[in-house]
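The letters A, B, C, D and E name the chains in turn, as written, and every chain counts its residues from 1.
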Amino acid sequence: MSAALSLPPLADREPVLSVRSMTVEYEASRGGLWSKPSKVQALRDISFDIRPGETLGLVGESGSGKTTIGRAVLRRLDLADGRIFFRGRDITNVRGEELRKLRRHMQLVFQDPYASLNPRMRVLDIVAEPLIVYGIVKNADEARDEIGELMRLVGLPRDAHDRYPHAFSGGQRQRIGIARALALKPELIVADEPVSALDVSVRAQVVNLLQDLQKELGIAYLFIAHDLSVVRHISHRVAILHSGRLVEIADRDALYDNPQHPYTEALLSAVPVPDPRTQRARKRLIYRGDIPDVAHWPSGCHFHARCPLATERCSLQVPLLINKGEDHKVACWHR
Amino acid sequence: SQVTIAVGSEASTLDPQKRDDGGERAINDNIYETLMMRTPQGELVPGLAAAPPTQIDATTWEFKLRPGVKFTNGEPFNADAVVVSVDRIIDPAFASEQMSYFGTLTGAEKVDDLTVRIKTSGPDPILPSRMYWMKMVPAKYSSDPKFATEPAGTGPYKLASWTRGQEVVLDQNPDYWGDKPTIDEVHFRFIGEPGTRMSGLMAGELDVITNLLPEFVSSVPKSAAVQGVETAVIILSTENEATKDERVRKALNLAIDRKALADSLYGGYATPTKGQLVNPRAFGFNEAIEPYPYDPAQAKALIKEAGAEGKTITIVGEAGRWLKDRELIEAVGSYWKDAGLNVEFKIEEFGEYLNQLFDKNHRPDAVFVVNSNELLDADRETSFAYQAGGTASSNKDEEMAEWVKQARVETDVAKRKELYAKITQKAHDNNYLVPLLNMQDIYGFSQRLDWAPRVDAKLMVKEMKVSE
Amino acid sequence: MAASTTTSSTPSPGQPGALRNFFTELRYDKAGLFGFSVIVLLILMAIFGPLITPYDPAAQSVVARLKPPAWLPGGSWAHIFGTDHLGRDVFSRVIAGARISLIAGVSVVLLAGAFGVLVGLVAGFRGGRTDSVLMRIVDIQVAFPGLLMILLIVSVVGPGLVTMIVVLAITNWMIYARVVRGIVLSLRQTPYVEAAEMIGCKPGRVIFRHILPNLTSPLLTLGILEFTNVVLAEAAMSFLGLGVQPPATSWGLDVANGKDYIFVAWWLITFPGMAISITVLSINLFANWMRVTTDPQEREKRFARAKAAERRRGKRHDAPAPAPVEA
Amino acid sequence: MGAFILRRIFQGFLVVLGVTIVVFVATRLVGDPAKVMLPLSATDEQRAAFEHKFGLDRPIADQFVTFVGDLATFDFGESMWQRRPAMDVVAGRLPNTLKLIAAGLGLAIILALPLGAIAAIRPGGIADRITVFGGLFGLSLPQFWLGLLLIMLVAVKWRLLPTSGYGGWQYFILPAITLAVPATARLMMLVRSSVIDELNQQYVRTARAKGLRFSQVLFGHALRNAMVPFITLAGWEFISALAGYTVVVETVFAWPGLGLTAMQAIRHSDLFLLQAIVFTVAIGIVLVNITLDVIYKLIDPRIKLA
Amino acid sequence: MTTMDAISDMPLLEVERLCVEFDTRAGVVHGLRGVDLSIRRGETLAIVGESGSGKSVTAQAVMGLIDVPGRIVSGDIKWKGQSLLTGDGPKRAREIRGKEVSLIFQDPMTSLNPLLTVGAQIAEVLQRHLGMTKTQARTRVLELLEAVGIPAPPRRANQYPHELSGGMRQRIMIAMAIACEPQLLIADEPTTALDVTIQAQVLELIAGLQETLNLSVILITHDLGVVAGLCRRVAVMYAGRIVEMGLADDLFERPSHPYTQGLIRSTPRLDDRMNRLIAIEGSPPSLLSPPVGCSFRARCPIAVERCTEQPPLAVVHPGASAACWRPSVPAWQESPPLEAALT
């Protein structure tokens, strides 16, 4: 791998992506021809930045809205409120052809390496499609060399060109997906649980690949996962999402070593460590209760029903995400 | 004993004076009676009248009534009943569909209990025939709303039950004035499909079916045929391009082998017409006219002579209403083609066909129709197809139209007959029409049934017999 | 997490080699093969009908009426299936009828299919209000008393082949719209279509490149099944006198004409009726086979069952067992 | 649930409204009843009187207003063919059709459930192959043809049952069979494939892992869950039969039902009767649809009626 | 964890050289290629391995749930010393299934019949195996729901699966599994579909039940972390075989088989500050034509000539056996030195 790009230190870079007070709603019922659709709030008041070459890990339970954030950032969903800035430019309401142009700079890597590749297309066609779509090349064969380079970059055999996705293993398919995302040299990649579907032994390969690519190309990642251990390995900063709200966002080590929000604590303690002795020695916080559902978010702090620190205030007022340390933001009344 | 008779369509009412449909008629012919009747051979004889009517003046006919006759509801049959029957049917408010038979009537008056006089608007020579069509209803009960579903007549049978959509059952009328019929229960079943009727007969469920196809005569247990009241004809336009030439019209008549059509298409159950549309049993049938011969050579020659070779003749017709209508039209067309013409068929859906048949302004070159003459009087055919301006006629012969008008009001039998002779002869000579075939009515019977069908196509159960 | 890594080497339909496999696959299923052969025969009959019919199917002959089929006393080999009540050759009419059935079937399926697919695509792709409106229209039309409306329309316009085709198309397009919409809607959720949109494909490219190929096989199967329905509907309408009008021929019409002669000439309804049945049966058998074959999962199951049956039987004798008729 | 039913009724009301408008327009275009209904020999005056009597001489818009007004009272005017209120005719015929459908569909359901389930037990087995082929065969028989063959053999040749008409139970058998054959085939194939599908579901594995007997798994789980698509199709069969698809059977067997009446009404250009029939059927369909939705809800708790 | 004295010497379940094959169009998939296992009363055994290694097939074979296209080609399964495959075995297998051995599936979403109330589904087992009446079963259902920690049992029992969350459903599955007080509970990835917090709850529940009911548990998982907390013994599967088996503490500390070593090293750990994970290159072999010899050979850094021969599962050191010709040889270097932050 070639030497890393020379960039100013992370903290000094201008954010490539800024999200401010983002709120997203879904239609809960489709609504008839006449009746208005009823809405549910999937995300509420989300703000964060991602800087070039940085990885923001986004962790949360299933249904907490991780995918929704990814889709909203990529402008596949409209915002109910808030703004999104890409390289300083407000893209909240960009649509049509302009949006299509914007897509060149932000790409998505999917969770399911099986379903995200069209089974009827050759690998070459799949990876070349972005180039064709933006008129960079006329057809896939013209792009052979360029694609070959990409393939090498993601560690696919050169002879992969003319084969179909089904001929590859899960890890290889995920590499194809990454190659496709890289084809347009984007500045931001949203990776929605890119390794969750992969086996442990293969997962490490893909995580390493993503890290290498970042070093080489200076891409920023929004890395979505439900697995805190993986996030720890890849992220610079980590955001914890709970029921549509960010509850904590901090530098990786600050967050793992010194979690502030009770929910973050619970999450961390629930992750089993693959070492019997350590695992037995760990203090585990197991909070009763279920994940709240988007249609019935509780009032106040969404975590209050499961929280050992909860007081009456928690069930009435929503805590704001405020800085509690050096760039360590927490949304809790008690920390 | 009982018989089951299939009829094609269900009666919508059993009021004998309201509608003009086959289903109702088949049943009511056995419940109700008329002043005049016909023998199975078609001869007009007194029925509820004691004797043939006498003409008092040009517009008045007097009937003497048969004494001692009763309706099944107990009312007597007398002059009141006749007066009510006549007044009821001609009442515009009643809107009887049978009015086409009684257009000339203006009313009736009672002379005494058994004598009644019927008035017409003008001289009406065929009034006795008309009275053969008018069923006599009881004087009081006929205004009851129930009358339409619970009939009461003087005939040999009375209603036992009516299950809508399925069947009507008749019982013998124990007080019938005439000879006791041998069959005491009659079931009329409504079956529209000929094939289904046929199955019913073959399966032994039915005793009588009507409109049997000639092909099936050999396969049904028993059958009988009788010269019917229907005649197939093609009406030619005297105005249109191709058919205005008399020679062409003549050729069209000569080109057709009617005998072959009757034999092949109808299996012999049809007879070639005798050069006229008038039914051979009807008053006014002209014995003197020779049938059109089959002479394809001359037909060809005539066409050539008229310079009409290859000209197009359009035949307007329909399919499915009458027995083998389409086949007959197509067969005729192919004869005409052989004669050197170009023939175009316009087989229309029935409604559209009627539009064209009745269109006074645009007469088709040739229009096919099957005429039926229940009154058995030439007035029907002549006013329908001969008289210029008639419902379906296509000629502009004012002279002939005048004759038809005269015949309508001529009460002298001989003179009337003469007028019809002139009309039919002239139409024949001018080839206004292409009369094709007189149809026969074929009936299928079960093995046990004995009956000689009637010329007037009435299903008289009292004439039937069953052998058990 | 943890998806299966079975390396499946079954090529999906639409990939090279799928066509080559066609006949190999067909050989597995005798019933499907039978269906396919009959369909080929039918198509040939429809195309070359006029060349192979021994007589003009409309030619009447009053002398040769109601002749029984050749093998019955009174029949002759001049008229294999006998003649009808107008002396027309039944065999020729059966052959000629294939054309009408095929024309009616193909036209209705194409017409209704094209319209339905269009509506389904638009509804599925645009989604939202467009979808609601279109699907509500579909719902309403589905709740219409179908055949009664057909009867009504035909009686207004007048019967005939064209009327019938149009009317059947008008009353049959909804199923395509529903199916297509369903597939498009679910496909739009699939990651690879989302991926296509994400890399900036325009809607046209998404539809044609990524969505339509997935529609071909369900649409083909649906079209074939609808085709059988149309053939039956054509026959039924012609039987009721609302479809094809003479002198054109149609199997349904022939059965209708023949039904009055059922007691003197059974062959009049038997042969055209059988023609309808065999046609529909063959298409059904073929469609059944195709449905299984175009679905890799079904195909896998069929294979497994055949194998299991083979093993069960193999315990007794070693002959290779034929693949079962399968659905 | 109440709100849902109300909404469905409103929706159904739209359907019925649409149907009536279409019918109104269409029937005004069907040939001129005055010509068709009256005898050939009728005079022009008679025809005019006829048109006047039925209000056909008034402007179309006028007619439509009266028509819609009368709808509210279920008054469809007088049948021109039967000369009694059109609704009376419908009321007389509807039960016959419903009985026929009940008999035919009942037969189909009774046959389809066990046959389909048996076939599904071992896909590819002998029973399955017979069922599938039988099903496809049943789907391939034109009803009118089948009906004629049945009449010819059973009624005429063997004289076991009446050929046609309406009456006691004997009269039901042949028409019901004819109506049932394709429906049975469709239902049976559906039961088969959905039971096979259900048997492949994970929850069936669970049921088996619980140690349930196969019969318990089949009847208690797979067949029960297959009822949702089954009822959908059965409902659809009912609706399409109601929508006039019994007309063929009714014609062949001279069954005095609604389908046959519709054919006759068309033949007689009986606008008012036709309107009444289509309207009634449309309402029937709407009702059946609502009933089906409620049944779904009862079977499948996941379905939300909102 | 479990009290040693609860473990009797008599193995409850023994799996011997079990081979399972699947007929597919592509060829015969050799799902299991000679699996040996045994578990004693009260013991907890984990089976780990990556996707497709044969974990679920093993469980299904034990439950007698192998169906077309699969079939058991050789080997034997013994329940309390009695074969379940030969002689009267299959009949006995049907009796013990759900009663003495029960199984929990991975996906609680699809494992419950959506059209029946969860109470009814639990009661079904009771009625089938214990011959309870409806009312008896009902009472017991409520007890069971209580036992698996479902609040408000009477209300929950009448709910349908879709009205419950994933964690709840998995609890229902567990309730169903322990309904007849089985001796062996096989849990096939019971927490894979659940979130970590819920996973922790469920694992705790299983551990608790194991202790109170003196259950034997086979826990199937691909997550080494889950194993570490719950199980005494661990079996590692790879490509249809067990490649290593031993006591958990031992195995994590001194993995013998290179695959086990690789697996442990490539698993990201929460308590680990390494930036870079260590990956095992390559991917598992296809089971359509599994390689001769050691299946891990192609990915193994220390493979030698001899590895083309299939190594037997042999005792490496007390309490641990591995199928490797070079057991306990470190296959990978020690972790690379801690890297500085990325920039």
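Criterion: contacts are C-beta pairs under 8 Å (C-beta built on N, C-alpha and C of every residue); 3 or more make two chains touch, one makes a residue touch a chain.
Heads up on the chains, UniProt names are A, E = Peptide/nickel transport system ATP-binding protein; C, D = Peptide/nickel transport system permease protein.
The model shown is predicted, which means the values in this text are computed figures rather than measured ones.
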Checklist outcome for this item: Contacting chain B as well as chain D are chains C
Checklist entry - Can you name the chains that touch chain A as well as chain E? => result C
Item to check | Contact-graph separation of chain A and chain D, given in steps at minimum | outcome: 2
Checklist entry - In whole angstrom, how far does the Cα centroid of chain A sit from the Cα centroid of chain B? => result 90
Item to check | Centre-of-Cα separation between chain C and chain A, whole angstrom | outcome: 48
Checklist entry - How many angstrom between the C-alpha centroids of chain E and chain D? => result 54
Next on the checklist: Give me the residue numbers in chain E that touch at least two other chains, ranges are fine.
Outcome noted: 50-51, 222, 283-284
Checklist entry - Could you say which residues in chain D touch two or more other chains, in rising order? => result 30-31, 148, 151-152, 156, 251, 269
Checklist entry - Using the touch rule from the top of the page, what residues of chain C touch 2 or more other chains? => result 1-3, 5, 7-10, 155, 259, 262-263, 301, 305, 308
Item to check | Which chain pairs touch, all of them | outcome: A-C, A-E, B-C, B-D, C-D, C-E, D-E
Checklist entry - How about chain B: which of its residues touch chain D in the complex? => result 9-10, 12-13, 18-20, 92, 95, 97, 99-100, 103, 164-167, 189-193, 195-196, 199-200, 202-205, 349-352, 354-355, 357-358, 369, 371, 380, 384, 391-392
Checklist outcome for this item: Listed in rising order, the residues of chain A that touch chain E in the complex are 7, 9-10, 53, 61-62, 169-172, 199-205, 207-208, 211, 214-215, 226-230, 232-233, 236, 253, 256, 266-280, 284, 286-288, 290-291, 293
Checklist outcome for this item: Residue positions on chain C within touch of chain B in the complex are 60, 62-63, 65-66, 85-86, 155, 158-159, 241, 245-247, 259-264
Item to check | Residue ranges of chain E touching chain D (in the complex, touch as defined) | outcome: 63, 65, 94-99, 102-103, 105, 107, 110-116, 124-125, 128-129, 160, 162-163, 173, 176
Next on the checklist: Which residues of chain E touch chain A once you look at their complex with the stated criterion?
Outcome noted: 50-51, 149, 165-168, 195-201, 203-204, 222-229, 248-249, 252-253, 262-264, 266-281, 283-284, 341-343
